[in-house]
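The letters A, B and C name the chains in turn, as written, and every chain counts its residues from 1.
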Amino acid sequence: MAESIPNAAPASGDGHQDHHGHEEPSFWSKYLFSTDHKMIAMQYLFTGMAMALIGGFMAYAFRMQLAFPGIDVPGFGIVTPANYNALVTNHGAIMIFWVAMPVLIAAFGNYLIPLMCGCDDMVFPKINRLSYQIFLISALVLLTSYFVEGGGFGGAWTAYPPLSAKAEYSLTPLGSTIWLSAVALEFVAFLLGGINFITTAMNSRAPGMKLYDIPIVVWMIVIASILFLVSVGPLIAGAIMLLFDQNLGTAFFDPARGGDPILWQHLFWFFGHPEVYVVLLPALGITAEIITVFSRKKLFGYRTVLHTTIATGVLSFTVWAHHQFIAGVDPRMAHVFTLTTLLISVPIAEMMFVYIATLYGGSIRLTTPMLWALAFIAEFLIGGVTGIFLGASGADVYFHDTYFVLAHFHYTFFPIAIIGTFAGLTFWFPKMFGRMMSDRLGKIHFWGSIIPFNFIFIPLFVLGMGGQHRRIFDYSNFPELSLPWMQDIRVLATSALLVMLSFQVVFFYNFIKSLRSGEKAGKNPWNANTLEWTTESPPPHGNWKELPTVYRGPYEYSLPDREKDYWPQNEPN
Amino acid sequence: MIESIVPAASSYAWEIDYLFTFMFVMVGFWFLACEGIFFWLIFKFRAKDGQRAQHITGDEKHLKRWITIPHMLVLVCDIFILGGAVKVWYDIKQYLPEPQQTVRVIGQQWTWTFVHPGPDGRLDTADDIYKVNELHLQNGVTYHYKLESVDVLHDFSVPVFRLKQDAIPGRVITGWFEPTLEGEFDIQCAEICGIGHGLMAARVFIESGDKHAAWMASETPLALAANVQPQQIGEE
Amino acid sequence: MRPIATTRSTSGMPTGLLAVWWIVASEIVIFGGLLGSYVMYRLSHDAWAGQAANTNTEIGLFNTFVLLTSSLFAVLAHKAAEAGDGKKAARLLYYTIGGAVTFVCVKAFEWNMEISHGYTITANTFWSFYYTAAGIHALHVIAGAIIMAIIARDAAKNAELHRVELIGIYWHFVDIVWIFLFPLLYIAK
């Protein structure tokens, strides 16, 4: 029997089902202190997008410096060496911790999990709200680190001691501590948020929804949360130790007094490597949802995808020291980590094959979300294969800390954080806001982002092959890196970035215009199967008047003996 | 491929270059195959009026083969790549030949100090030559380097050698190289070390035996002390 | 009223239980990282044995006894809650909290003594680990005690009795961390 929510009230702030009707909640309780998972998702989404603008602006500033060293960058000013280091440090930290994670995991996770599982909210709405509040504070703390005396922390997002531990080396006494505190707070926020993802997906599914009926994106976010939980612990311990080194004079990482800077590296990368899978998995999930809908096909191997995801997750804990091949660790360790790193590429390759196979025999409609999802596969393939060069210890001796590494991880992170986000946003926009986005503007934005993206980063592979090392504000001190063709590449990459950034205006225009005057979206504009498409657009508080029951898996498309080419999960047999 | 952009100036540089080209071909094949099939599928199965998608569950054996066979082949390729990587890594980082000379490399915020054994051929003697941001080597000689840091992490990086090694304060790390090409090349610091990280540029001078001996003779402190032109040791 | 989501239990396990195990798992990894780092250091620094000799094993033993006893009270509280006797459960939880308070007071006294002898957090990296690990543990004891007090107050009114088990699980975890800390910091000399 479906459970029903009497008098489902309009979006209200405190998670209560009020049986006596409701007055319109105040601005504060509806928008700022909401416990509704959809509102919290929006909060994470908009905070993440705002931070993306800031992180993107930082990239603009340092790329202008690289293309035109010494230039007075419009909107920023002269980029000093200290500025440069702080810009690259915070660009990296912001994009990973304050854009990719909140948008892919917290925004999409919060929005989709209750809806796709057929329930009325997350299990612990107040903890959910608390997690966002802590997250917001962490973002504000991070931004503060820029404006304190001494300036923002500039020791790279990896924050290796002794540079990060002692103010006499970093020259940013306050900035270092505030930056590290922001990161620690962000970790706490996501640990809290994870509680809801796992309990809701495991315990609150609609009646009839067995484990293998759960949409892949929900699995992905749940597994990502588990990966995050297991990997972040040691780094939280490490962050406490580093904070103490910075402020109390302890010597956890100070070699002069018996400490070991390499310990930090191990603690950091033991988290850092699983972390990249933490953000990859949701993007893979979003891609799966989109390509099934727009090729009208069942996902080629649901269980294969699940098993390879779990395999990848487990393996991700065995590869971390490939970031440390030449760090001064025992050289014999390199063989172990090359083996595990090459191994981990295999399940991911298999997943890519499954996604590509899903297209076979399909009826592919190239809508804007589909373009983004397909671009994810095409571009992530580049990221994946270039990782092999870096995972091979012998080759890494040359490529470590070069732009080859940088181009590799932008070919993974950009598809994850940017392509994945736009794919998800353009796909679920109709559900979230009740209106359709302009497909024409969407396509202009798509091409205007993807083409320049490749012109930024393919050239950077070449620079990396040429020996160009990272985190250098001006290459004119290095004769072999000041060759004219190299500087030409730097200008090309920066110009492409400028083009790509300008096309983002198209997205914002499309977003706002569609919000106001887009064509009204019905419940299910894409003819999709999963449960979120069975309720109003946007869903009311409580999501359904009567919670749905599930009868089948999420990808029953194009069954030959049925009239419609889709079969929603909640339609009785 | 790397050698067409950056000269190879050490005895093991060719190993890395060869490994890279080998991997490029193997990986490149799979990459092009995947992307090619991917784009072909998008074209072939684009939506056509009146035509529905096929119902494929993923259990079909003849279709699953298209995944499991490439899967196995990728694993096989990985084994070759692993073998190559292990060999190259061993040759550069584990194998330590008997040195003909030793140099000390000291990184600090934000310069490199290189300690050369003087004409007597031994380090830590009175005729040692201290140079800032200049490393002078003799072509064809097997060197050990002893890498140290005074303050934070640095990284001794010589692209033409294809060599990198992090310098850790509190430790002395030993490695090796053998220069094979005369000339003057970049030395970098490849681990962010503060605001002056971009200023830690040094140069390596690889010289023939005669030129190198002449350089040593003129630069050694004992000679300088005896010479008319004074030159501060360790400063530039 | 809670969302319906909170009341469902597709996995068979009550939601609160899932949540507590999640929290305990995340804490295990945090403490695991910290203690793992400590063990790595300890193995490569024989000199630390000299420093470790100065921890007070008797006080450590007493505190171990206090925590174990408090865990016993938590177990009894759970039994009472299962039987529906909220007042008894609350009383036993208050005894548990009493153990927590005793633990923290003894620790304060112990640290006071050690600091006055010059064994500060910066005296030696052994002491850095000592204060950091025991300090974070103590914070968890305090936080746990506060949450336990809230749950006890509800239990006395026979409300939310299922939470007595949940805080009990958390409390046992806090206890087990100490069971690891005690030999590492006090016995290994």
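As a convention for this text, a contact is a pair of C-beta atoms (placed from the backbone, for glycine too) under 8 Å apart; a residue touches a chain by one contact, two chains touch by 3 or more.
Computed from a predicted model, the values in this text were never measured in an experiment.
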item: Graph class of chain-chain contacts, one of line, ring, star, complete, other; value: line
item: Pair exhibiting more inter-chain C-beta contacts, A-C or A-B; value: A-B
item: Cα-centroid distance, subunit B relative to subunit C, in whole angstrom; value: 49
item: Inter-centroid spacing, subunit C versus subunit A (mean Cα positions, whole Å); value: 34
item: Inter-centroid spacing, subunit B versus subunit A (mean Cα positions, whole Å); value: 32
item: Residues of subunit A whose C-beta touches two or more other chains; value: none
item: Subunit A residues touching subunit C - in the complex, by the definition given at the top; value: 3, 5, 15-17, 114, 119-125, 191, 194-195, 198-200, 202-205, 209, 229-238, 240-241, 244, 248-252, 257-260, 263, 267, 270, 542, 547
item: Subunit A-facing residues of subunit B, complex; value: 1-2, 5-6, 15-16, 19-20, 23-24, 27-28, 30-31, 34-35, 37-39, 41-42, 45-48, 51-58, 63-64, 66-67, 70-71, 74-75, 78, 81-82, 84-89, 91-94, 109, 151-153, 155, 157, 159-160, 162-171, 173, 185-186, 188-199, 201
item: Of all residues in subunit C, those that touch subunit A in their complex; value: 1-6, 8-11, 13, 15, 18-19, 22-23, 25-34, 36-37, 40-41, 45, 47, 121-122, 124-125, 128-129, 132, 136
item: For the subunit A and subunit B complex, residues of the former touching the latter; value: 80-82, 84-85, 154-156, 160-163, 169-171, 255-256, 261-262, 295-302, 304, 325-328, 331-332, 334-335, 338-339, 342-343, 345-346, 349-350, 352-354, 356-357, 359-366, 374, 377-378, 381-382, 385, 388-389, 392-395, 397-398, 400-402, 462, 465-467, 469-475, 477-481, 557-560, 565
